[in-house]
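We call the chains A, B, C, D and E, going by the order they appear; numbering starts again at 1 in every chain.
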Amino acid sequence: MSGKKRKLMKVYPIEENCISCRYCEVACTMVHSKSKDPVKAYKLENLLPRATVEVKGAVSLSLMCRHCKHPFCFDSCISGAIQVDEKGQVHLDEEKCVGCWNCVLVCPFGAAHPYIREEKRHSFKCDLCGDRGFPACVEACPNKALVYDYER
Amino acid sequence: MLFKKPQVAFYPFMVLRDDYKCIRCKSCVDQCSFDATYYDEDLDMVLNRHENCVNCKRCEAFCPTDAIKVIKNPSTFHPDANWTAEALRDIHTQMLTGAVILTSTGNDKPIRNYFDHLLLDACQVTNPPIDPLREPMELKTFIGRKSDQLEFDEDGISIKTTIGKQLELEIPVLFSAMSYGSINLNLQKAMARAAKEFGTYWNTGEGGLHKSLREFKDCTIVQVASGRFGVDLEYLETSAAIEIKIGQGAKPGIGGHLPGEKVNEGIAETRMIPVGSDAISPAPHHDIYSIEDLRQLIYALKEATNYEKPVFVKIAAVHNVAAIACGIAHAGADAVVIDGVRGGTGATPKSLRDHVGIPIELAIAAVDDRLRKEGLRNEVSLIAAGGFRNAVDVLKAIALGADAVYIGTVAKIAAGCTQCQQCHTGRCAWGITTNDPKLAKRLNPDIVAENLYNLLRAWAHDIKELLGAMGINAIESIKGNRLRLRSWGLTEQENKILGVLPAGM
Amino acid sequence: MEVKKISDGIFEITCGTTHYREVNRKVKELVAKGAEKIILKSVYGQRYIGTGIKGKVKIEVYGTAGNDLGIFLYGPEIEVFGNAQDGVGNTMRDGKIIVRGHAGDVCGYGMRGGKVYIEGDVGYRVGIHMKGYKNLVPTFIVGGKAGNFFGEYMAGGILILLGLNKKPGEDIVGDYCATGMHGGVIFVRGEVPQRYLGKEVKVFEPTSEDMKLLTNELKGFSEAFNIPVEEILSEPFTKIVPVSARPYGRMYAHRWGIASGLIK
Amino acid sequence: MKYVIVGNSAAAVGCITGIRKVDKESPITVISYETSCYSKPMIADVLVDIPQEKLIYRDEKFFEENNVELILGQKAVKVNTDSKAVVLDSNELVPYDKLLISTGGKPFIPPIPGIEKRGVFTFTELASAFAFKNYLKEKGAEEVVVIGSGFIGLEVAYFLRELGIKVKVVELLNRVLGRAMDERGSEIVESLMREKGVEFIFGNTVEEVLGDKEVSSVRLKSGETIKADAVVVAIGVRPNTELAETAGMKINQGIVTSDRMETSVENIYAAGDCIECLDITDGKRKPIPLFPLAFEQGFVAGLNMAGKRMKYLGGIPLNSLKFLPVPVLNAGTVSPPDNSYEVIVNDQFDKRGYYRKAVIKDNRLVGFVAIGEIDRVGILTNLIRQKIDVSDFKERLVSLDFGLVDLPKWWREEKLKEDRTAYKDWRAV
Amino acid sequence: MGCYSEMSGCGLAGIVNRDAKPISGKFIYDSITSMKERGNGMGAGYAAYGIYPEMADYYAFHVMLDDIDCESEVNTVLGRSFRIVKSEIIPTKPVPSLYKKTKPPVFYRYFVEPREDARLPMESEEDLVVRVVMTINDKVKGAYVISSGKNMGAFKGVGHPDEIGDFFEIKEYKGYIWLAHTRFPTNTPGWWGGAHPFTLLDWAIVHNGEITSYGTNKRYVEMFGYRCTLLTDTEVAAYLFDLLFRKHRLPIRAVFMAMAAPFWKDIEHYKKTGLDKLYKMAKMIRTVYAPAMLNGPFAMLFAFKDGVIGFNDRIKLRPFVAAEKGNTVYMASEESAIRVICEEPDRVWMPKAGEPVIALLNHCKEEDICYPA
């Protein structure tokens, strides 16, 4: 983590617009799948979404990694799988992760999730769609409830 | 169907679900505002209560894997042209409740749509069509009282005549009155923005003007209805024009009830009534029991606003609409709005929606004719409303004699409405006719404002294309120009009322 | 029409049969110039007196005030020395109207603020659809008797009927009193025959809390007409309040309501 | 400015990160008797042949990039406060301007006769883990006794079962994880361990380690003797304050530090398992030997060493059992010591495989347990940390879909919209 | 149109001197003119009683002629049944503003005496007059009988009340009963005959409002031989009144009970309070004269030689004020219209819904003016 000025873009949820349709969740799962097919992603590849749609009555919002300026997960990661790059983006290396769940335990947004299925045990979280260039959730959101924007 | 009335089993719609494609994302469960979809944890399946389904298609639209289709229940009553499923279900409803059947949206009966029987003209050889893409095309329309002639000063250039304040429209289409309460603030916001952006007007309806919309003053028509909700001097001043609502096409002759449970803080404040109290609009204005009373109110409004605002009077198109419209013109209104039998609503007894009033096409023709006969046509603008579906309908209405057209249902559809006729339940899954905060936010004013703007833009282009084909480059040249209309499949009497010739003549 | 300046800020207009538009324009003009009190003399039914004026100004009317006196009123105080016709305080928002005589039909329609005091009787449909929101509460007090449909559709506010001029055997209020009422409160001095009341309302004896409110509201009336509050309160009052804020909840049904179990 | 860090684990890396946030130039020297920067909580994984590279917490690249000089394999034995230098066991002097002591903890070894015998192991260093593994192999061990059923004890026992070795865990209390976990949690963990084949001997302790030079069996307090090819002592760690003592700083149970991680000696800071840390759930200072806390403390120390004033506002005891098939997490106070606490439980373990419990005091969440379903429990941790009033949504705390939507709107807005995710925004209470 | 009544809103005024002392037309003129706002300048009219004292024994036919040429035809029709004592053009004064709207027709008045031999078997004198009126209206193109009573006349046309008043020089007439009307037709063919009052024999009627039961009432009176040619509410009301009062000879209170019938709830209440006769009467009237009930908003003034009766619809949807001073009774839509001509009345009151105000000449009955319900 060097001290270069962060010029990070991240996804901002807009509670007022979120209609809890979960398109973000499905889109996320889909683009992170091998098949790039939502049904297969869920049913064959057993993937889980990195964004979480929270609903409570009228209030709903989609939450994903906030790429904190000083991330708790980074502090607590015992394997060094979580790193912060020069832009400020927080990366979680799923290969390196040993599944100690410390990040799950400390993330104030609940944005680091445990993956415990079959033999695989690791944490995963929003990677801002890495190579895709643009977060799938934002693109999928039908009500402009997610905005990809520079950090404020 | 345990613990339910047996008739509930005869539901009209059902939800088909491809369980293989269902990924249990539960989007449909969350989207269904009619409690027709639920997730069972033990079965790990999404299931349906078909009897609650209203065919709003929200789940269908929002299933990310396209696993859902809502269909008409294939199980039918005994096929009978007389005792239709609707007739049977209505009896069930009334025998179980002893109540008037409430419904919403516009008339769904196959009342002849005369627009579909009218054809427009085009230029060939003897005169040239105009290419609207390159050449000027004017749609600017003025709504307001004009005078019959102009008087000049002696200098030959200064005009002595003064005319009433006019509304300037860039397209002869305005957004119809839909009150805050019947629809939510988001749609009002969207309409206001689109209207402002495009250069037309939107109408508050009878629910008052929310404070957040005051900035749209110059493109707002404020309505004064029998409930007088939200009406005070400030409200009247925050407007481009004032509309007195006497009646509405979907429910001529009755008022409206906004049920108390829909009256939230915002609505209460805007309407100036307590939270949770019914907002009842009486059938009549209790200060208008006769035409001279209408004049009294028109002039009250003019007095209150120093004669600075045009005053419209909106009535439902009823049998004697032409005479009434003339009376309204006499009473001093600057514009008469007539709302046809296909006009929409947020709630109305079914019997009224389907059986009261007359089609707007006939009403326009009759009113325009009568106003001309009385020499009043210049005195008053004529705005038609109720059942306009596209730019062609608008143009045909103008050719029949309207100055401009109000669109309400179209705006709703542009905002997502699928015409499921459940506005009155306040559960609109598309977030249009509901003020449930969870549902209302489904309508994002930013998106819908853009959609509405696009729609107006498309319609404007459409009208220009049609005008161009007729060799007309200004909308006023088609106004009342029934010669450019022909009809097909209508009776002689109908042609006479519409003032059009049958095709071929 | 004749305009006279009485003193600084006080003007007198003799109206006669001048058209209301001219009279009202003059009034507005004078108010804009800073008039504090305007006396209208020889009024013969000029309409809309006091409308379109914001702020505090006093208008005195001598004669018969025309229809829609104080419609959309937004602050001024109007005092009528004589009778008023129909539509007093129509859709009024703020201010005060005092009528030293009787008033016609449909007074206080849709009123949402301010005070109206009528010394004598009122006609039919008075106080229809009065409403109130939070501290914006209208008060309409009738010193005499009222016709049918008193307080019909009332949604808020306070409507008080005193019947001070009532003769024995006379009804204080007409039939269909408070039909469709779903908000606000009506106080009637004396009794209202049950058969005159709409089925949407219930009658109560005023509580001490009510009496406090009543006494408070009556103060202005008592001052205006110089009738001691005690005298007004010397007879018991009837309080009329709606049974529900949703009087027509069970009037309408729809298929979905039944299917969903919402309508039982 | 010359920074020196003694120790090379979480606190040290935190400190380097902290310093480099402010001071990108000055040299940093790390002194450690260990040979690599590995992850301490993972040493038990050595038993199940975890790939070597997974053990590494920060590789050489990290130190290179951050311009850190590593002095490995040498032990710092003394701090010379006058000359501001650290004395290594090679007598070499490492001068410092700012010094961080992050010497970590050392295993607590009870005074049991025979405990010094070969075949008795502790589990705080990689080297001892390897040694244990080799010993097992060498001996072809079949039965092992583990003393203590804390996290390390259970983890070792579990992994030993993976290797097919019979394990008996001797615990003084009557349940596992006695100090960290509530009773129901212990019960669940115990049942999971028993499923794996681990045997437990509760309410008992080892009185003597028997055998010649090497362990052969242990004698319990109950008088019973059980066979043991090896013994693992896992009854906790104590702050390692040996080096600190040489600097003459104030020490209680661990090194005493200020909020800025300064010790009582000027220019010397301390962080990690060797210090006394403020437990924000009960406001007491005590050693909390936890990895995330060590990192944070190191980070704050680093910032302060480099001149940026920052407070460390305390940590929460939190644990995660990573080896069990079902994840087990807990934080803060999980067993209410008196009845001034409110407990909300959602026990669906038998039916749906999860268990959640929240402990509330004065309308503030002070601890929770989550077993089975652990997704998003970080939100709860944060509630403890920020001491947010939970009275409005108490019952929701233990439900699986508890989320930010349950929290006050202003809070969400502040954190999400205004992007208040910097260190001070979170730690400030 | 065709089967619909023409709707209009209006203002009305009436004055009766119960001593039958003549009152100048100026008063009614001022009264109705003060309510100009209630009309739209498309119709106004007056009816006056006692204006032809010298010709009091003859039927006075006011006939409106679109063209002076029709006169001979009218003369012929009249001559067949009557002896024409006198005929003249009704004097008028040009009012320029009137000509902007329409071209005023010519008004003729005939004072006539029925020929005995002209009467059909079983036909009363009144029936004869009605028949002739119908004939002229129906058969003579361009001629319409405006009024046909004795010692009375109607004056009406397209214009504001002041314009029509000036046109007919109303101020010059003196009568003991005056009715006036200013009209707000919702649409008007600009036809002078469409203005009010409507008269038949010596009935004159002015009306404000719209009768929503028009279709029912129209078909009902048509059963009795009336022909509704004018398609106005007022016409049908006049025929109803003629039918019930003149032909069926109902007592006045019964006539009004039929036309503005009490609600069933009130009828039940009569029974409860022991008013058995009233109960039975009300019930029978509502049963038998159901088609005669007028529904919708209205206020009406009926005048005949003996007085004026004003009444309102069942729920008082139109304004109606009455006042008296000495032996003069005033009725109007607005109080100000009374105050304009009578500054300080002895009494001003707002009659209740459906409750007729009966102002008869003193010599008629020793009954109070206001009929108590």
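The definition used in the following text is that a contact is a pair of C-beta atoms (placed from the backbone, for glycine too) under 8 Å apart; a residue touches a chain by one contact, two chains touch by 3 or more.
Bear in mind the structure is a predicted one, so any value in this text is a computation, not a measurement.
The chains touching subunit C as well as subunit E are B.
Listed by label, the chains touching subunit A and subunit D alike form an empty list.
Centroid analysis (C-alpha atoms only) places D farthest from subunit C. Taking the mean of all protein C-alpha atoms as the reference point, the chain centroid lying nearest to it belongs to B.
For subunit E, the chain with the farthest CA centroid is D.
In terms of their C-alpha centroids, the spacing between subunit B and subunit D amounts to 68 Å. Centre-to-centre separation between subunit A and subunit C, using Cα means, comes to 63 Å. Between the Cα centres of subunit D and subunit E there is a gap of 106 Å. The distance from the centre of subunit A to the centre of subunit E, with each centre set as the mean of the Cα atoms, comes to 86 Å. Listed for subunit C are residues 20, 47, 67, 86, each touching two or more other chains. Not a single residue position of subunit D touches two or more of the other chains.
With touch defined as above, residues shared between interfaces to two or more other chains in subunit A number as follows: 55, 59-60.
Pairwise chain contacts in this structure: A-B, A-D, B-C, B-E, C-E. Residues 1-3, 12-13, 15, 52, 54-56, 59-61, 63, 66-72, 75-76, 78-80, 96, 98-114, 116, 151-152 of subunit A are the ones that touch subunit D when the two sit in their complex.
Note for the complex: subunit E touches subunit C at residues 33-35, 37, 265-266, 269, 315-316, 319, 321, 334-337, 339-340, 348, 350, 352-353.
The touching residues of subunit E, counted against subunit B in their complex, run 1, 4, 6-11, 37-40, 42, 184-188, 190, 208-210, 297, 317-318. Here subunit C touches subunit E in the complex through residues 17, 20, 43-45, 47, 63-64, 66-67, 83, 85-86, 102, 104-105, 121, 123-124, 147-149, 174-175, 195, going by the rule given at the top.
Note for the complex: subunit B touches subunit A at residues 20-21, 23-27, 30-31, 62, 64-65, 431, 436-438, 441-442, 444, 446-447.
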